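This is the structure, below, for whatever I ask next.
Naming follows writing order (A, B, C, D and E), and every chain is counted from residue 1.
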Amino acid sequence: MTRKREFDRRVKEQASQPPGTPMFIGKRKMEEVRISYMRYNENLYEEKDNSTPEECAELCNSDEVVWINVEGIHDESIVEKLGKLFSIHALTIEDIVNTLQRPKFEDFSSYIYIVLKMLDYSQTDVAMTPEQVSVILGRNFVITFQERPGDAFDPVRERIRNGRGRIRKAGSDYLAYSLMDSVVDSYFLILESIGDQIEDMEDRVILEPEPETISDIHRFKRAMLFMRRTVWPLREEIVLLEKSESELVDESTSVFLRNLYDHTIQVIDTVETYRDVISGMHDMYLSSVSNRMNEVMKVLTIIATIFIPLTFIAGVYGMNFHFMPELKWPLGYFATLGIMLVVALFMVLYFKRKRWI
Amino acid sequence: MTRKREFDRRVKEQASQPPGTPMFIGKRKMEEVRISYMRYNENLYEEKDNSTPEECAELCNSDEVVWINVEGIHDESIVEKLGKLFSIHALTIEDIVNTLQRPKFEDFSSYIYIVLKMLDYSQTDVAMTPEQVSVILGRNFVITFQERPGDAFDPVRERIRNGRGRIRKAGSDYLAYSLMDSVVDSYFLILESIGDQIEDMEDRVILEPEPETISDIHRFKRAMLFMRRTVWPLREEIVLLEKSESELVDESTSVFLRNLYDHTIQVIDTVETYRDVISGMHDMYLSSVSNRMNEVMKVLTIIATIFIPLTFIAGVYGMNFHFMPELKWPLGYFATLGIMLVVALFMVLYFKRKRWI
Amino acid sequence: MTRKREFDRRVKEQASQPPGTPMFIGKRKMEEVRISYMRYNENLYEEKDNSTPEECAELCNSDEVVWINVEGIHDESIVEKLGKLFSIHALTIEDIVNTLQRPKFEDFSSYIYIVLKMLDYSQTDVAMTPEQVSVILGRNFVITFQERPGDAFDPVRERIRNGRGRIRKAGSDYLAYSLMDSVVDSYFLILESIGDQIEDMEDRVILEPEPETISDIHRFKRAMLFMRRTVWPLREEIVLLEKSESELVDESTSVFLRNLYDHTIQVIDTVETYRDVISGMHDMYLSSVSNRMNEVMKVLTIIATIFIPLTFIAGVYGMNFHFMPELKWPLGYFATLGIMLVVALFMVLYFKRKRWI
Amino acid sequence: MTRKREFDRRVKEQASQPPGTPMFIGKRKMEEVRISYMRYNENLYEEKDNSTPEECAELCNSDEVVWINVEGIHDESIVEKLGKLFSIHALTIEDIVNTLQRPKFEDFSSYIYIVLKMLDYSQTDVAMTPEQVSVILGRNFVITFQERPGDAFDPVRERIRNGRGRIRKAGSDYLAYSLMDSVVDSYFLILESIGDQIEDMEDRVILEPEPETISDIHRFKRAMLFMRRTVWPLREEIVLLEKSESELVDESTSVFLRNLYDHTIQVIDTVETYRDVISGMHDMYLSSVSNRMNEVMKVLTIIATIFIPLTFIAGVYGMNFHFMPELKWPLGYFATLGIMLVVALFMVLYFKRKRWI
Amino acid sequence: MTRKREFDRRVKEQASQPPGTPMFIGKRKMEEVRISYMRYNENLYEEKDNSTPEECAELCNSDEVVWINVEGIHDESIVEKLGKLFSIHALTIEDIVNTLQRPKFEDFSSYIYIVLKMLDYSQTDVAMTPEQVSVILGRNFVITFQERPGDAFDPVRERIRNGRGRIRKAGSDYLAYSLMDSVVDSYFLILESIGDQIEDMEDRVILEPEPETISDIHRFKRAMLFMRRTVWPLREEIVLLEKSESELVDESTSVFLRNLYDHTIQVIDTVETYRDVISGMHDMYLSSVSNRMNEVMKVLTIIATIFIPLTFIAGVYGMNFHFMPELKWPLGYFATLGIMLVVALFMVLYFKRKRWI
């Protein structure tokens, strides 16, 4: 939650602006904005790393598929310039630079706007850091906006370079699908590493429940909630994309989108399973802690209870009455010790029979 | 909840009135009712602070957009007069002066009636005070009724004055949208300040759980519930407004309404996240309290348990039997002290090995 | 729940009857059945207190609106006679005299049958007593069946007498609406008085939690559940009435029904809020009780723990060994007392530093 | 749950059969299968107790309504013979002899198949035993299959014999409705007897909570869950029957089915109310048990705490130091007793003021 | 959860492949892939155990129904070859070899793809191992892919061999139905064996609650959750299959599918019942454990409390004051013993009257 603090000033500023005013809300994650592009069709393939908005806009006049990738969105002016060149609605521009968006799908007929959330999972603090990725799908181009350079899209790039799979033969809609697919794939990787951690923690909960364990459990709970909130709207988004009658989405892509939908459902399913496992662990922790405490209290109380009657007997013969016949008996002392032993044994046996020890 | 008391008499009175009888229900928050207006189009801009219902009604005959703002709704007669001049249904008048309304949307074909709830959040008592804002959207006018003078609409006013953004070029529907947008923006500000408070409290829950903490947690819970109840119907309201086929709402406004809808969903999402965080804190508080209690009990019981057998030994040699050989041994006393030490050490070691201390 | 006992015999009897056999199920709440009517239109107004079914039936041949009110439904024969005169279906008759009905809406084309539930709330036992009110809405008449004379409908009567509001100008559907409205108004009054009680109890939960408090909390819980069960079907009922294409309901009434619907939603909202508050109080009670118990246990255990080592020291110097050098030291006694004081102080300080006291 | 064991062998066998193979699954509840019939129309009425499938099939060629009742379904061959004579689908036959069916409705155009569940409630073990009743509704006949002879249908029989109510004038669909109605009536009787038991238990929970109470509460919980599972699908079934456009169901019956639907909703409502009451009792039991334990611990600990300082004082003056001036004071003993009394009183007062005793 | 570890490498690899690349994800459960087929119509029947993809493809040119069963899916090349021969979509191939699929239904017009999950239940560890079964339903063929040789389909094979039931007369859709039916039958068998285990555990929970019991309860909880997740999508799948307007599914099969649907609902119902029973057992375990602990604490504390005042009395007469008149009384000692007895008896009686012992 500490991340949130850095937004305060900006949100307040934004609140006083007219809607459609682009204003970066979020945490700047890199220095310079970098624009790169890939241009390809079945035969041709071209790639450039430091490009300008104007160059990119020009590219799109030909028929090849163009993928423009913008890394860094904190400079509103660059995003705005791109927006103007590709005639993107002011509200879309505003959304692109506001990193608090939920995953969403909007069809502006001339282009489709998709918000994705990549997740960066840190095993040590069990924390998810979201990165917002905006995808603009146009007739023959896709523009992606990332908060910082990242490698989640590298497999897609690789496939374009090598011409493996369908990607070079298909249109911009298939490229957009591929990007969404690689985001969902990254969720699977996160789930696997969380799965391993949960497995490890399960043993710890039973064997050595400590106050920190409960914090850990809550951290996992929260991570899963976060993931759920991220994936649920994505699922909806895919349905909307598949159902959309936009001419930007070819019919042949829809079988892939259905497949992607299935994967998303699988992610949600796994998240739900983990949530159940975690909430089970919470129960186990509580009953494990109370079990240990009960153990402590029981053993200690038993020891105390055995000695209390013995101490009483010792107290009786510590009284200073002048006339106490037992005191003069030669074996009085040893008889008393014997009686004490008998009482102690009897109590131990009684506790044993009651199965308390 | 103390606020409620002040309503009693009025609700009872209202119950015996025929439906459609305007009767102020709520707490009077200012003295004098004040009517102000703004009139504008792309070129023209005019503003007046102390106006009368009649003057306002006349303004609306021309083609400019007119925004009439009424501050103070406790004087039913003024609201009624306005109602008559703008031919507003008696039930709408009744709703305007009843501050117990939920956010709602009603399409009376000649005008649209929208109830909004502004929230005033006090950090010190973690309490939300709602203020009801009624919006009447007509062909070329918007009438707003506020319970008291407030500044949530100031950014909109500022934009009208400066002619920044679309607002001066657009119609009354865009004005209504802008007002709703500024209400939703104010929710974000509240959520931010609550977010900070929750963050602070999280540490306190773990480090120094006190009985007051649980009250605080409940206060946050309630504030979030309140907010949720306020925002859910707003979401619905926006959908109805966008979907409505009223000719009062221009098609070009609907992309803005969809954007506003997204913001509302974001608010709901954040509220839900906070609710989860708060309910997690409740769990943490309980387990933190029981942990501390367990600690106390454990250490104290351990001390007691170590001394009980020792006290027993001392008791034995405090007995007054005439024949107790050990008493006469020259080293009996020191041997006994030694045995006591051994017993104590043994118990400490045993507890250590069992990981109880 | 004690009320239920009185039904046993009758339900069993009813079970062996063919469907459509009217048989009073419930608790007789008055002696004599009393039929009264009001007849009115915009100009005319007439009222009679002791009427007969036949007289009432005749009235309805003219064009005025007639409201027939039957107080007491335990005499099946009178209800049946009315049923025959107004050609009401046998199943409706059966439902009218069975006070276990839920609120429901049935459209028999020639009339509409509406079941309402008035609630009688007793502050002292926090108990809701339902009273079933059946409303038959015909072309120009409304028949209401009440279990006992009551005053919830008095404001409506008053309005008819004075000709205030729309009621004298409108038809039988508006009368039916007014009756439903007055029932919903009575719910608001109940909620207000419960609200006050809950407010009072909140302080008690924190300051002096007692075993009875938990019973009280459960009583409130149950009252709210009861209310919820009563109001939810009413909400549905109003929707059905508004949506119904029956020619008995004039279009102009539907804006009033929508308003009534909003009020019902407000009731439900308040009930839900109270349910949350009450369940919060349950949590607070539990944590308040466990807090007090912890307090007791902690202070007592601390006192015990301080004295146990001291008693041990006293025990040591109470031993009767012949050779115990300290015993002969002139200042042995005072030194020992001093050591005891030091030990006690040390423990108090330790507890203080650990923040246990 | 013990009842289930008797099924094991049969389910396994069934699993290896082709679908549509009738195989009795359940517990045989009677010896001989008995077929009886009633034949009636408005004027005629005939009844026979020991009939054969063939005789029954022949009866149905005339126009009277025929009700064939089969008691005992463990003999698959008889059910199959009937099935063939009335051309009933193999899957229906399989369902009739499988007592694990849920209530369901199937429209096979030439007949309608309805599964009902009668419940046998035993107050002593708070256990529900279901009995499956299959109803085949044909053009002019109804065939019912019961697991054993029972009296739930007796009121219907009686009405046919006496010609009371509509039944003799109506068709086979009204007969099927009457049978369903008598099943729902039997649910009401069960709910009443459970209601009484719950009422009794409520007092016990508060006054003498015992470990068995919790088992009882769970038994009630389970009984209510069982009932809920039985009635929910019945509700659906009735809707399907009413909505079905089968020509076997006359339009005039649908008002009765709607009434039956209302009764079913009432049953569900009562079940839900009881579930809430029971879960409230669970809470009360827990807080009542912890209350009693707290009481015990508190009083005992207080006694212990008062005596610990006193015992310490006694210990001090039991020390054997040679120089202890107080020991020689003539009033030392009584002064010490006095001090002990003062300490004890002080502690009692302190506890009183803290409201711990 | 340990099973999951074996997937890690493969999922990561898969994530970097273009969609539609078949890559086995799962645990290899057998050595060699084995292809077998059955070919039949009403008169003819043929079966072969070690076949090749090519041979199978050729078979399907004639009109008989062909069932091709592939055991082992870890060899992607064989699955791919089959896919090409039967023109199956690349994404289907990918899904077949990915054992992490949920049950799903996809209609590719020329064939229908169904994913089933067989469950292998181990009573000793209360663990479910899923096995994925893919079913391809074509015009006159069914291809099934199993992870390993299994016997769940044996009853179907037997019926084809013997020509029992409808199977030989019906088409490939009926075969697909039969396979699904046998999977659902296998769920019933699992539920029965779990039912027995739960019944056994219920007694243990009350009589000897041990820390392991809670782990067992959680294992059952998880198994039921797993089963629920498996059966819910199956239910949906059957609805989609029945509702599908594919010409591959004959209308006469739909009554069987409805029947299968009912069975699935029965499975879900039983799973839900078990879940309720298990969660009830959790409550019982907790209250049983706390009950035993209370017992222990109570008895022990009572013993301690009785002896504390007695020890105090003994302490008083152990004091060494020179002037203590009682000490010199001849019967002082016995009187003191008597008083101790009286005090002890009084306390026992007091505890008895308070019903604490």
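Following the convention adopted for this analysis, a residue touches a chain if its C-beta (ideal position, glycine included) is under 8 Å from a C-beta of that chain, and two chains touch if they have at least 3 such contacts.
Quick caveat, the model's predicted, so the values are computed rather than measured.
Looking at subunit C and subunit E, the chains in contact with each of them are D. Because subunit B and subunit C carry the same sequence, their contact can be compared by residue number, and under half of the numbers here are used by both.
Centroids of subunit B and subunit D (each the mean of its C-alpha atoms) stand 43 Å apart.
Averaged C-alpha coordinates give centres for subunit C and subunit D that are 27 Å from one another.
Annotation for subunit D: residues 297, 301, 304, 308, 311, 315, 318-320, 324 touch two or more other chains. In terms of inter-chain touching, the protein chains here make up one closed cycle, each touching precisely two others. The chains touch one another in a closed ring; read from subunit B in the direction of subunit C, their sequence is B, C, D, E, A. Contact residues of subunit A toward subunit E in the complex are 155, 158-159, 164-167, 177-178, 181-182, 185-186, 188-189, 192, 195-196, 198-199, 202, 206, 255-256, 258-260, 262, 265-266, 269, 272-273, 276-277, 280, 283-284, 287-288, 290-291, 294, 297-298, 301-302, 304-305, 308-309, 311-312, 315-316, 318-324, 354, 356.
Touching subunit A in their complex are the following residues of subunit E: 1-2, 4-5, 7-8, 11-12, 14-21, 89, 91, 94-95, 100-102, 104, 106, 211, 214-215, 218, 221-222, 225, 229, 282, 286, 289, 293, 296-297, 300-301, 303-304, 307-308, 310-311, 314-315, 317-320, 324, 326-333, 336-337.
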